[in-house]
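Multiple structures follow.
Below are two complexes that have chain A in common, paired first with chain B and then with chain C.
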Partner chain A sequence: MQAFDCAIVGAGPAGMSAAIELAQAGADVVVLDRADRAGGQIYRSAADSPLPDAASLGPDYAAGADLISRFEDSGAKHLAGADAWHLGDDGRILFSYQGETRELHSREMLLCPGAMERPMPIPGWTLPGVMTAGAAQVMLKSDAVVADGAVFAGSGPLLYLIVAQYLRLGVPVAALVETTPRQHYLDAAPLMPRALRQLGQLRKGLSLLREIRASGVSIYRHAENLEVLGDENAKGLRFVASGKQYEVAADTVFLHHGVQPNLNMTRAMGLAHHWNSAQMCWQVTVDAFGESSVAHVSVAGDGAGIVGADGACAAGRVAAQNISHRLGRISRAERDNKTKSDLAYLSALKPFRRFIDCLYRPTDALSSPRQANTLVCRCEEQSMGDLRTGFEQGARDPNALKSLTRCGMGPCQGRQCGHLVTGLLAQWREESPEAVGYYRLRSPQRLLTLDELGRYETVTAEAAE
Partner chain B sequence: MKADVLIVGGGIQGCATAYHLARKGASVIVVEKDYSGRHASGVNAGGVRLLGRDMAELPLSKASMELWQTLDEELGHDTGFRRQTLINIAADEVDLATLRAREIKMHDAGFTHERIIDRDELRDRLPYVSSNCVGGVISDLDGYAIPYKATSAFRLAAERMGAQVIESEEVLSLRRVGDTWLAQGSQRRYEAETVVNCAGAWADRIALMIGDNVPLSHAAPMLMITARMPHFAKPVVGAVSRQLSFKQFENGTVLIGGGAKGFADRANNRTRLDYAKLAAACRTTAEFFPIMCKASINRMWAGLEAYMPDNLPVIGPAVNAPRAFHAFGFSAHGFQMGPVVGQVLADLVIGGQCRFNLSPFRIDRFDRKVL
Partner chain C sequence: MFRSLQDDDRDLVTLNVNGQMVTARKGQSVWSAMAVAGQVETRKAALSGEARSAYCAMGVCFECMVNIDGLPNQQACLRRVADGMKVLTQDISEDTEADDAGL
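The block that comes next holds the complex of A and B.
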C-alpha cells in the first residue's frame, strides 16, 4: 500500500494552495479530487473553460487558472478522478479510481471539502426546474449551458455573481428577487466601518450590484413569502415585495441563500464540530493552524467555516506550513514565520466576514420549511409534517428521527436535510442546535457498487506484493 | 423517583417488558443511557426468524412469532412487520446432508415448521439464484420488521399504559437496601422493589451491580443497504453454511448482512467497520446472486451487540439477589424474541413463574463449567 507524508482531499483553492507549499517543502504529498481537473467548485474548469470568452466570468475566475497551473507544476501527485469514500482517523483513505477501490496511507491528512449551498425549502423548492445558483454556475463553467429567462431568488454574493455573469453573456434574466430584509441592513450598518478595511472584497460586491442595476433587469427587494408556482414543473415565482404580491413567470428558478461547510467528510470521520451561530451552520472545530480534534487530521478552507476563496488559499497555506512542521521538515519558529502574513490576512478578513454574515444571515422563513407538506428530505420524500409526527412519537434526536421516518437515509446521506432537521428539532425541543446534534454519518460517502467493493481486497493484496 | 419496577435499558426487551408490566398494572420506569432503540434494537437487520433456531430457543421463538402476526394492532403502532418466507440456501450436497440431519432432530422434537426444498422449488422461489445451488430449507411463518419502529411501538404502547421512559439516563450505581433497590442515575435517583436488566451490550455491568457475574462479550455485526433496485427477491434469503443474508424491502432497497463483524468500541459508544470483511460479504452475495453485482451500496453500519459463549440469551431471575431479573445476551438474534420476552419477564416479576422452561438461559449456567 502506498504511504505518503500528507494526503490532501479536495483540489479547490485550499487544497491546491496547501499542496504547492508542501511540495515546495519537499514533502511527499498526494491530492485526491473527484473532478478530472483541479479547481474545486469556484475554479471549476478555470484552466480549460468551454466558454468562448471566460473573461466574462470575472477576474477572480481568471486568477483561478493561474493557481491551477502553479498547482499542476508543483510536483504534488494529483489523482484526478479519485473519489474518496472512506477517510479513517488512522490515516487510511479508500477511494474509487478508474472503477477500482484503492487504498493509501498518510502520516498527515488535510481535508478541503469546501462549501455547499444552504437549502432553501420554500414551497415548491423540489419541483423540476428549481435549481440552485451553484448549479447554474456548474452548468455555465463545465458545459457552457445557460437557462434563458430564469428568475433568481434569495440573497448573498454568489447569487449576484451568477446574475452578473448571465447578463455579461447576454442571457435574458426574468428577475432578481432579493430577500435580504430591511432589518439586516440596519443590523449590519455598525459593522460596516471595520469591514471597510477589506475594501477590495467590499468593492467586488458593490460593483456586481451596480452592474446588475445598470442592466435594467427587474429587481425586487426585501421580498418575502416566496413560493414556486407550478404543479408538475416550475412555472414561476410568487412573492411579496413592498406590500404587494408579484408573480414572475419562468421555467427555471435559481435559488440561493448562502453557503455552509460541506460536512459529510468531517462528520463521517467523527471529528468534533460546533454550531456557528453567526453563519447558522455546523462547522468542524479546528485551531488557528487547521488542526482538528484528531491531531494528524487538519481541515482548511470553506469546509472548516466559510472564508471565501482568498481566505481558503491563505488557510490552505497555513495548514500546509503546520503540517510541514509536524512532519519535522521545518521548525516551529519557521512555521510561525512563514504563516505570519497569512494568519494576519485571515484575521483581517474577520470584520468583513462578520459584516457579510450579518447582512446575509439566513432568515428563519427561508432556512426552515413553513408548510407541513413542504419536503425536507428529497431522497426519501419526507415532509415537515412527517417529521413533526415522528417527533411527537418521541424521536427527539436527529438519528432517532432518521430511523423512524427514513429522513436522511437516501443517497445524499443527509447532505441536503441535515441542517434543516437540526433546525426543526431545535425549534420543537426549544433547545439549541448544539444540544440537538446532527446525523451520525458513515462511509461510503458516495454510492459504491457491490462489484467494486467486492474487489477491494484483491486490489490491496496486489498493491502489497 | 419511585416505581414498582425499574427497567435498565430502553431497547426492545426493556420496552416490551415495560409494556407487559404496565398492562398488568405495575408502575414502571425505564431508564436508557442514550435514546430508546439507539443500539442493537434500533439498527439490526430486522429479521423476524424462526428458521434455523437453536432447539432451546424454539418454544419461546414460536410463541413470539405468533405475537408478531398481530403486534401492530395490539400495540396500536406500526412495527413494519411483514410476513415473508425465509429460505436458507444449500450450496452443495454437504449442506443438504446438514439439513436432513436437522430435520430428523426437529421432527423428533415435534417441530414441523421447517421444510426442505429441492433445486426446482428453490429456482421457482428465487429465479435469480445461482444455478449451482442445490436446494434449501424454508419457513413460511417468518418475516421481518423495521427495528427502530418496532422498538418505538413498544415504547409508545408502554407509555400509553403509564410507564415512564427516561432517556439520556445512565445507571451509575445500583444497590439493595432492605426491600428496596436504590439506583443512582446520571440525572436522578430511583427506588424500586424490582429491577430488570435489559442493558444489551452493557448488561454485564448492570449484572455486576446486581451481584451476578456473567461471561458476556460484545461485538459489532455489520450491515449494508443498497439504493433502490428492481424487485428480484421476495423471500428473505440466508444460507446453510455461508455468510449470506439479505432481504429486499418493499421500497426496493436490499439489506445485506451475513454476520461479518466490525470493531466494537464499547467504551466510546461506537463501532468501526471492517471493509475487508464487507468486501467478502459483497463477493458472497454476488456469487449467489449475480444480479447484485451492479447494486449500489448506499450505507454501511454496525451496531453494538451482546454475545454469550453459547450464543443463547440470559433470561430469568438473578441468582445472587432477590427481586432482580435479567434478559440480555441475545447474540444477534434477540429482536424476534422481544415480544415474548416482555411477557415472560412480566410473568416472572409479578407471579414468580412463567410457562416456558428457562433453564437453558440461566445466568449461572457457566459457573461450574470446566472448559
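The block that comes next holds the complex of A and C.
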C-alpha cells in the first residue's frame, strides 16, 4: 500500500502553510479538511466570499485569500470535504468523504485541528437564539447571513471584531455587553510594555474598540451576572453593570469569552496533554517543532495552544521543516536554518499573547455555571446540580462522572462540556485541573452510519507523478 | 432576525424545511438557510424535549442536528443545501424511534 509521506488534517493557516512547505520539498503530502474550500475558520470563504463587499471584513481576512491560492497551487493533494474520524498512531487515517468511508496511510502526521470557542454556560445558554460570536462570523463569512439587532456579550478580540464588522456592514447591533473586569486591566498593565513590541497587533485591537465606540452603539462595561431571558427562545440579556441591572431585548444573543484548542483529535489519539494555566485550557504537549509525545505525530496552530493566525502560519512552516527532516529530505542543520526566523517570530509573539491572555482571561463566573439548574452537558442534558450529585456519589474524575451521569457521552463527545467538567471537579476537589484530568476519548470522532461504513475504499499516494 | 446580505438571485435552490418552501443560495449551509427562513429550531432535546438550535455553527456543538432526506443526525451547519432537499427538525427521544435507515 502506497503511504503518503505526510498527512495533514486541517486546512487552516497552519495546515495550509505546512502543506506549501512540504510540497515544495517534494514530499507526497495530502491535506484532509472538512470544508469545501480551504481556509479554516479564520479564512473561511476568503477566496470566494459571498459578500457583496468582502473588504468590510478587514485586511487580515483578505490576506487569507493569498494563502489559500498559494496552497491550492502548491501541488499538495487537497481532499476537501474529508472529515477524519479515526487517527491511528500507526499512521492510518479513516475519514468520511462524499458519504463514503476512506482510508489512507501516512509516515508522518500533522494535526491542525484549530480552535473552538470556550463554552459560556450562563443561565439560558441552551435557548434557541443564543449562539457564539464565532457562529456569527461563520454565517457572515460563508453565507453572508447576519442577525439584525443582536446583543454581543463577553470579552476578547474576536467579539470586538465581529461587532466592528457588523457595524461596517450597516447591520444594527442592540448592544455590546463587555465583561472584562476592572481588575484584569490592572493585572495586565505591567505586561503592556513588552507587548508593545507587537505594536501592529496592539494597534489593530485598539482601532477596533475605537471604531465600535465611535459608532454610537450601546456599550456596557465590566458587566456581570449575565442571564439570557426567554422561555422557549432568547428574548434578551439581563446583566449588572456599574451596580445597576439592565435588560436589553434581542432575539439573538452572541456570546464569546475566548477560544481554546479543539482537543478531540489530539485526545482521541492519546497524545500527552497538559493544563495551560495562562490560557486556562488543556493543550497537547509538543516541542518547539510541534512534535507530540508520539514522534511521528506533530501538531501545529491553535490546536497546539492559542497563537492566532499569523502564529499558526509560522508554527505550520516550522512543523513542516521538521517533518521534512524526519523524512530524510533535509539535514538537521538545514531544518534549523529554515526555521530560525519563524521560531524567532513565535517567541516574539509570546509577550503580546501573555498580555492578551491576562487581559481577557476567562472569569470564573463565565467559565463555570453559577446556578444548579444550568446545563453543563448540552447533549445529555446534565445540569451542574446533576453533576454535583454524581460527584457526591463518588464520581471524582471526568470518566467516572461520565459513566455515572452520561455527561460527555452525547454526540458532541464532550467538546462543549469537557473543560467545564474539569473545572467543576477541580473546584469541588480543591485540586488543580491537571490532577482532575479530562475525558478519555475514542474513535470514531463523529456520528457514522453503517451504510457509510459499508462503502469503503483506500486512498493511496500515486507513485512518481 | 437573520437575513442575507446578498441581493441578487443567482444560483438559487428551493428546499423544504418542516413543510415550508425555503429559497437559498447554492453552497449555503442548511443551517443558515433555516435561520433566514425563521426556522431556527433544529432539534428537540432528547430527554426534556426542549427546543434547541445551532450554537457554534462550525460543527463542534452538534446542536443543529436535523433530519435531511430521511437521514437523522445531520449537522445542518456542515451540510450544504440542495434543490428539493427535505429538512425536518429532529425529534428523537426515548419515546420516539429513530428511522432505521440512519442508525
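In this section, the second predicted complex is superposed on the first by the 451 of 465 C-alpha atoms of A that agree within 3 Å, B and C clash if a C-alpha of one lies under 4 Å from a C-alpha of the other, contacts with A are read in each partner's own complex, and residues count from 1 in each chain.
Here is the rule we go by: a residue touches a chain if its C-beta (ideal position, glycine included) is under 8 Å from a C-beta of that chain, and two chains touch if they have at least 3 such contacts.
All figures in this text were calculated on a predicted structure; none of them were measured in a lab.
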item: Which superposed partner A:P444 touches (first chain B, second chain C, both, neither); value: first
item: First, second, both or neither for A:P59, with chain B first and chain C second; value: neither
item: Touched partner set for A:P411, first chain B, second chain C, both or neither; value: both
item: First (chain B), second (chain C), both or neither touched by A:L453; value: first
item: First (chain B), second (chain C), both or neither touched by A:G328; value: neither
item: First, second, both or neither for A:L169, with chain B first and chain C second; value: second
item: In the superposition, chain B vs chain C on chain A residues touched; value: C
item: Touching partner for A:R34 - first (chain B), second (chain C), both, neither; value: second
item: Contacts of A:D397 with chain B and chain C, given as first, second, both or neither; value: first
item: Common ground on chain A, meaning residues reached by chain C in one complex and by chain B in the other; value: 410-411, 447, 449, 451
item: Of chain B, residues touching chain A in the complex; value: 35-38, 42-43, 77, 147-149, 152, 155-156, 159, 165, 167, 226-227, 270, 273, 275-276, 278-280, 282-283, 285-286, 292-301
item: Touch list for chain A against partner chain B, complex; value: 86, 94, 270, 393-397, 399-400, 403-404, 409-411, 413, 442-444, 447-451, 453-457, 460
item: Residue ranges of chain C touching chain A (in the complex, touch as defined); value: 1-7, 25, 27-29, 31-32, 35-36, 40-41, 45-48, 50-63, 65, 71, 73, 77-78, 80, 101-103
item: Residue numbers on chain A that touch chain C, as the complex places them; value: 34, 36, 41, 50-52, 116-117, 125-132, 134-135, 138-139, 142-149, 169, 232-233, 251-252, 262, 378-381, 410-412, 415-416, 447, 449, 451
